[in-house]
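Inspection log for the structure reproduced underneath, given as structure tokens.
All chains are identified by letter, namely A, B, C, D, E and F, in their written order; residue positions are counted from 1 within each chain.
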Amino acid sequence: MSKLKKIAMLSLALGAVALPMATMAEEAEVTAADAMAMAENAMFTVNNVWMMVATFLVFIMHLGFAMVETGLTRAKNTVNILFKNTAIVAIGLLTYTLIGFNLMYPGFAEGASGFFGFAGFGVAAPEGADGLINYASGNYTYWTDFLFQGMFAATAATIVSGAVAERVKLGPFLIFCTIYVAIIYPWVGSWKWGGGWLDAKGFYDFAGSTLVHSVGGWGALAGIIVIGPRIGKYVNGKVKAIQGHNMPLLTIGAFLLWLGWFGFNGGSVLSADPGAVSFVLVTTSLSAAAGIIGSMAASWIIQKQPDLSMVLNGALAGLVGITAGADVVSVTWAIIIGLVCGSVAVVSVMVFDRLKLDDPVGATTVHLVCGILGTLFVAVSPDHSIGPQLLGVVSYAVVCFPSALIIFLVLKYTVGIRVSKEEELKGLDLGEHGMEAYHGFQFFTNV
Amino acid sequence: MSKLKKIAMLSLALGAVALPMATMAEEAEVTAADAMAMAENAMFTVNNVWMMVATFLVFIMHLGFAMVETGLTRAKNTVNILFKNTAIVAIGLLTYTLIGFNLMYPGFAEGASGFFGFAGFGVAAPEGADGLINYASGNYTYWTDFLFQGMFAATAATIVSGAVAERVKLGPFLIFCTIYVAIIYPWVGSWKWGGGWLDAKGFYDFAGSTLVHSVGGWGALAGIIVIGPRIGKYVNGKVKAIQGHNMPLLTIGAFLLWLGWFGFNGGSVLSADPGAVSFVLVTTSLSAAAGIIGSMAASWIIQKQPDLSMVLNGALAGLVGITAGADVVSVTWAIIIGLVCGSVAVVSVMVFDRLKLDDPVGATTVHLVCGILGTLFVAVSPDHSIGPQLLGVVSYAVVCFPSALIIFLVLKYTVGIRVSKEEELKGLDLGEHGMEAYHGFQFFTNV
Amino acid sequence: MSKLKKIAMLSLALGAVALPMATMAEEAEVTAADAMAMAENAMFTVNNVWMMVATFLVFIMHLGFAMVETGLTRAKNTVNILFKNTAIVAIGLLTYTLIGFNLMYPGFAEGASGFFGFAGFGVAAPEGADGLINYASGNYTYWTDFLFQGMFAATAATIVSGAVAERVKLGPFLIFCTIYVAIIYPWVGSWKWGGGWLDAKGFYDFAGSTLVHSVGGWGALAGIIVIGPRIGKYVNGKVKAIQGHNMPLLTIGAFLLWLGWFGFNGGSVLSADPGAVSFVLVTTSLSAAAGIIGSMAASWIIQKQPDLSMVLNGALAGLVGITAGADVVSVTWAIIIGLVCGSVAVVSVMVFDRLKLDDPVGATTVHLVCGILGTLFVAVSPDHSIGPQLLGVVSYAVVCFPSALIIFLVLKYTVGIRVSKEEELKGLDLGEHGMEAYHGFQFFTNV
Amino acid sequence: MKLIIAYIQPEALNEVKQSLYDAEVYKMSITNAMGCGQQKGYHETYRGADIEVNLLKKVRMEIAVNDEYVESTTDAIIRGARSGNIGDGKIFIIDLPECIRIRTGEKGPEAVG
Amino acid sequence: MKLIIAYIQPEALNEVKQSLYDAEVYKMSITNAMGCGQQKGYHETYRGADIEVNLLKKVRMEIAVNDEYVESTTDAIIRGARSGNIGDGKIFIIDLPECIRIRTGEKGPEAVG
Amino acid sequence: MKLIIAYIQPEALNEVKQSLYDAEVYKMSITNAMGCGQQKGYHETYRGADIEVNLLKKVRMEIAVNDEYVESTTDAIIRGARSGNIGDGKIFIIDLPECIRIRTGEKGPEAVG
């Protein structure tokens, strides 16, 4: 933008309460009120900058998910996985614009049941300062709020994507995502973050171990059950490994997710509050690190050799685990949570496998199991107790799992949810997209 | 840095107008003016932090471009593409230091024609507060300004790189880039962002649909015409597909570009103005999302199966399209712009192909076609009209395309612009660099 | 987080000195002191936001290192390299929590020798404002400080990882890292950044050319010497090339490292001071760019064809070189430093190779050689002289190299440091992890 | 001794391996191959440009057997690989006058097994 | 029947395929190979260390034909693959006593085509 | 003329190449292969699921030689490839009635070398 218009624009931007910087020059008679206005405006601006940065970090998590899923699946299904993850971001943002945001933050009236609310279609910022400095007592603008929350939305669906990978039909899956992201996620989200009934009950979920990860996890579990295991995963009763094809991409994904989590958790403070945010970043990082150590130990002991894919799952497990209580647990507890979630993740992946629940990327383990664990771990903090936490976990379970199950079943018995045996063997890249992910490279498609 | 020197340094940094924090301790008699100074300084600091973050985001776009180009071309030319993109960043930054910055922002005198200006070689910050808080009425420092603009510069050349990939000679191409980035880009940029004649004419281009993307796009078109299609692209009149070799890298690239665009557009507000920036981020994101949906629909309908490379081009198309008017169009229009650019992109790629304009990565489609579209779409906003927008589009066309054409032709008939047939078949990695991108892997170099 | 509790939380967060934003509404009688408090709080918040952003950038450098190492080594050792880099981050953060931080910043008492100090185990923020606005005169919180420094810590070990790649035993290597990161790095770091004796001697190292990079580099050199070259690197006296397997990953890594360096250097200003930080970003970028040009020239001349891996090393060389003086050298000198380091890097890589010091990724060149160069280049700035810089370089050499050597030797003669010949030929992925990095792909493991 | 070369669909590999095991043929070598035959190939459209793929992914098996095993081996391959669709593949049988086991230096029939 | 094995330059593949089609040879299998022969290989320098590459990328073709087609097939290959430079490759022709089409079980000459 | 096909351990390739050079055999073609034989394979555990890998990475060499070279060639291969462990591999020798050098059209023995 050309710099000429700036000064004009700025003074405008500072809104009602602010002084045009212009006055900086001629040291006019400034009153304390002027100074305070400018100071509050500066505070508003920095809070908003922080929330925007957090938004970027959450955005990049979608690339992280895409890479983790790609790395843990086979080369012949890569294009399909990348496609799904790209489409989900778009679907998530657009449906959130249309209805999600107003479904999640309906602004429940006093004494409302707080079970369901909808503030209408589309998004529009309140006029003037009400959409700016006054919107969230100087923490962020209406638009920042919308975008930050919108970036969260798609996450729930992305989690499902990995679990049903390598066999799900593209079209029907996108339909599932649309419904789940547009309605289920924001609706149940309103119970807590929308200030609904669960919030009233004292349930605590700082950044979404339950509201985001478990919600996605329940969807994943439902999907896995309805669609069934991949061909070759269980051969006459025996569990067979189907190896992922690209460990560097998996690693890129895991690190990007960790990076994104700084925004996911750090941004959930909903202001740049130095003390609160920096503390959250520390608990988040230490839990992730502990998750690595925990899973490394478990993997080394159980599998004899340390499994990279397990250790990276462990890092994510630690991150999901700390998400519910990142701001209320102590540093020590953050490390414990990481160690527990990390080691549990290793066992959990194996258990799901033996339960014939074929989850190529461990989404159910990382997001559902550790999401629940993390939510319960909140109880270790002085001002929270196990009761409401259990209530929360159960409430989301009894709504999300069945609804996901129903959506998937309806799709299964109408348009069908699974590709043909031939297509699955040949790979979804050729089947659904008529493309190859690594054209010219030689790899065995039958493995 | 050791923390001892901090307090001294800081008070220094705060510059003339500020109070050393030191005084925080002993609550001295503070006047409203002191407070105002501190507040303005805080505002200056946050604005500058935002602009620096935006700079980082624009920087990472170069990695995004590198990955998109790599993904959409063949394995045997990968090293060459990575090399070009690395070199371009360096060339862009250094030439911008030497002349670009002062060519683009010459500070036209009152009543100057505003057609050409040059403020001299090299960069140097004004003394004291003039290079700091007073440089841009408290929005950023001289150095932030320089670096942010410098990161933009290389982009124009990068766009060309993809279009002529897999056949262009390394040396000559780097010469082209140097000239184009050092002279053409900043010179024509000065017309608008430098406050030149087009700015006076009321032409509007918020973040560079025309100034950056079309400028690059015209260079790309010229390059394609001069260098001709890749061997095997057109076999006795028929259009043959030459498939890209790495879809995960393509996806990484596209997501990094989207991420970078938050800085590209968000930073173009040239301050951290909460209202303006957050709105721009929303229009940018929704246009990208709509670009995905638009291209997905078009691709699914036209190609029968949804093509990942098209959908990712669609996202970029949406981003380029919104760039010119991100701050002035409504949310609804942002979505429309995305849908239009996304679907147009799919068709455009096919049209260029049939016109025998061989553009491996769709640079002309994404940056030129959607750059023009986006520039014209500005007219839908109340305070802008189609006239000046058309004038702008045409002015850049008639200068950039011919000049790029001339540079390429001169190179072609002197040092030569295209590698030998043998080298093209063998791949530029071995030809230009004597290296392989994927040593040890087996892939068919003949595809 | 639900927005209800926000206002309460915030006023809390603002700490002793601040006014609850709430008062914004009813324009109460505000005093200049109130305004000043709010302004200082805003300044504190933006400083802290900047430091958090810098922390994220340093974090992502670990992914950068992982990718550079992966790209420059063979496909059969990829999982092992990714695993090491993941584990190192966790080890680095956790050991830094346990002892590192308090070893590096022991807060030497007046008149203390400043050679060794330890402030006790674990981390805990001072109560109230002392851990917040007063902790670092309003520049960042205790927790931000800890996390920023913690992210640096792991770097030193990561540098070693690349140098001994493709032959080092996993377990013993992790033991080395733990010791080196937990004790050596923070201990020697305290000499300068902890305000120890070298700081008193006037030694200057802005962001760690010596404290981080040379320290890592000495460890790398020791490792290389103790473990010996890879099989097939030196065949009857002749130097053989062992090619890296993935240039796109190498490029991703190098760009991520550059990105991270914005935080590494920019954050080392330890405040968001607009003038200081933006200047540092400029010198950093220009030195990196010049490093690319310098290495490109050297590579083109010496190797006849420009080597991508050399040019990316060159960029890193420029970054390491500028790190010591990024805030004190001029723009021109920044470019010179880049050119020198970049071209020296090319030669240095070849020299190490001929000295039979087998360093697969050029860690010794980039981090040790250029780390030393950069430290000495500080002397070109008016207020610094060569004496203390030499003293610093030597001091770190005589402590780090021997201690690393001893650790490695002890490991070698106890648990053993190198994998068996069979395992090395077969690859460490199968040997140490029983996994493949690219399952299903065909590549020659014998190359 | 005979050297049996078979081109099969990649998807069929696991079943072919199984049926070879059932036929007590445990030794084999396979490589990746691309083939074109009656199977016409398919059409990808990449970025809107129609691309006719006529070299399809196949797996090439090479199995050295003693004469008495030829029949059972080819039958096993056919059992595992036949889907009845074009593209199932071919089996080529050539004479193998000599075979050596590197490890022991054994030659002839006993080296094959 | 004969089994024709040809090593050609990767770049030549498309032309060879074309000339085979012209000679009405539609069935073939190809694999990636590395070869060394008279063609001395080239020198890459990777990070300054000279590396002598003597195993060069080649494409291996395997074509089973009936005896009367051998001539035309080899001619076609030569036509497509010959550049006159060292490295053009080799053609090996071996006897093919038996051939089976998996899909139908057909044997002998009619299975080849 | 004979066509020598050898399956060796990937790790052994360089040594085999060396010993072939010593035996003045300079021409060869190699491809990537997977093989299963007496060597039982190994067990990876990927994400806790045990996976029995019985197709192991091998390198397939193809060397056409004139009859008088067969012995020295096979000896050279054995020298380079033998470790005494299961998995060392196999050598198959088949007749090669005809050989053509694409570049020159030369046929027979002189085309082989």
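Just so we're on the same page, a contact is a pair of C-beta atoms (placed from the backbone, for glycine too) under 8 Å apart; a residue touches a chain by one contact, two chains touch by 3 or more.
Remember, it's a predicted structure, so these values are computed and weren't measured experimentally.
Peer 1: Can you list every chain in contact with both chain A and chain D?
Peer 2: B, F
Peer 1: Just to be sure I understand the contacts, which chains border both chain B and chain A?
Peer 2: Intersection of chain A and chain B contact lists gives C, D.
Peer 1: Comparing A-F against C-F, which pair counts more contacting C-beta pairs?
Peer 2: A-F
Peer 1: From the mean C-alpha coordinate of chain B to that of chain D, what's the distance rounded to whole Å?
Peer 2: Those two chain centres are 52 Å apart.
Peer 1: Just give me the whole-number Å value for how far the CA centre of chain B lies from that of chain E.
Peer 2: About 47 Å separates the centre of chain B from that of chain E.
Peer 1: What parts of chain D, by residue number, touch at least two of the other chains?
Peer 2: 31-32, 34, 44-46, 94-95 - these are the residues of chain D that touch more than one other chain.
Peer 1: Among the residues of chain C, which ones contact at least 2 other chains?
Peer 2: 32, 35-36, 38-39, 42-43, 46, 49, 53, 133, 243-244, 246, 252, 303-305, 307, 309, 434-436, 438, 441-445
Peer 1: Run through the chains and report each pair that touches.
Peer 2: Taking the chains two at a time, the touching pairs are A-B, A-C, A-D, A-F, B-C, B-D, B-E, C-E, C-F, D-E, D-F, E-F.
Peer 1: Help me check something: in the complex, which residues belonging to chain A touch chain D?
Peer 2: Contact set of chain A toward chain D: 232, 422, 425-426, 430, 434-436, 442-446.
Peer 1: How about chain A: which of its residues touch chain F in the complex?
Peer 2: 239-241, 243-244, 302-305, 307, 309-310, 346, 349-350, 353, 362, 442, 444
Peer 1: In their shared complex, at which residues does chain F touch chain A?
Peer 2: Its residues touching chain A are 32, 34, 44-51.
Peer 1: Show which residues of chain A lie in contact with chain B when the two form their complex.
Peer 2: 1-4, 6-7, 9-10, 13-15, 19, 21-22, 24, 27, 30-32, 34-36, 38-39, 41-46, 48-49, 52-53, 55-56, 59-60, 62-63, 66-67, 70, 78-79, 82-83, 85-87, 89-91, 93-94, 97, 122-125, 131-133, 140-144, 146-147, 150, 170, 246, 249, 252, 432-442
Peer 1: Where on chain F does chain D make contact in their complex?
Peer 2: 5-8, 31-38, 55, 58, 60, 74, 77-78, 81-95
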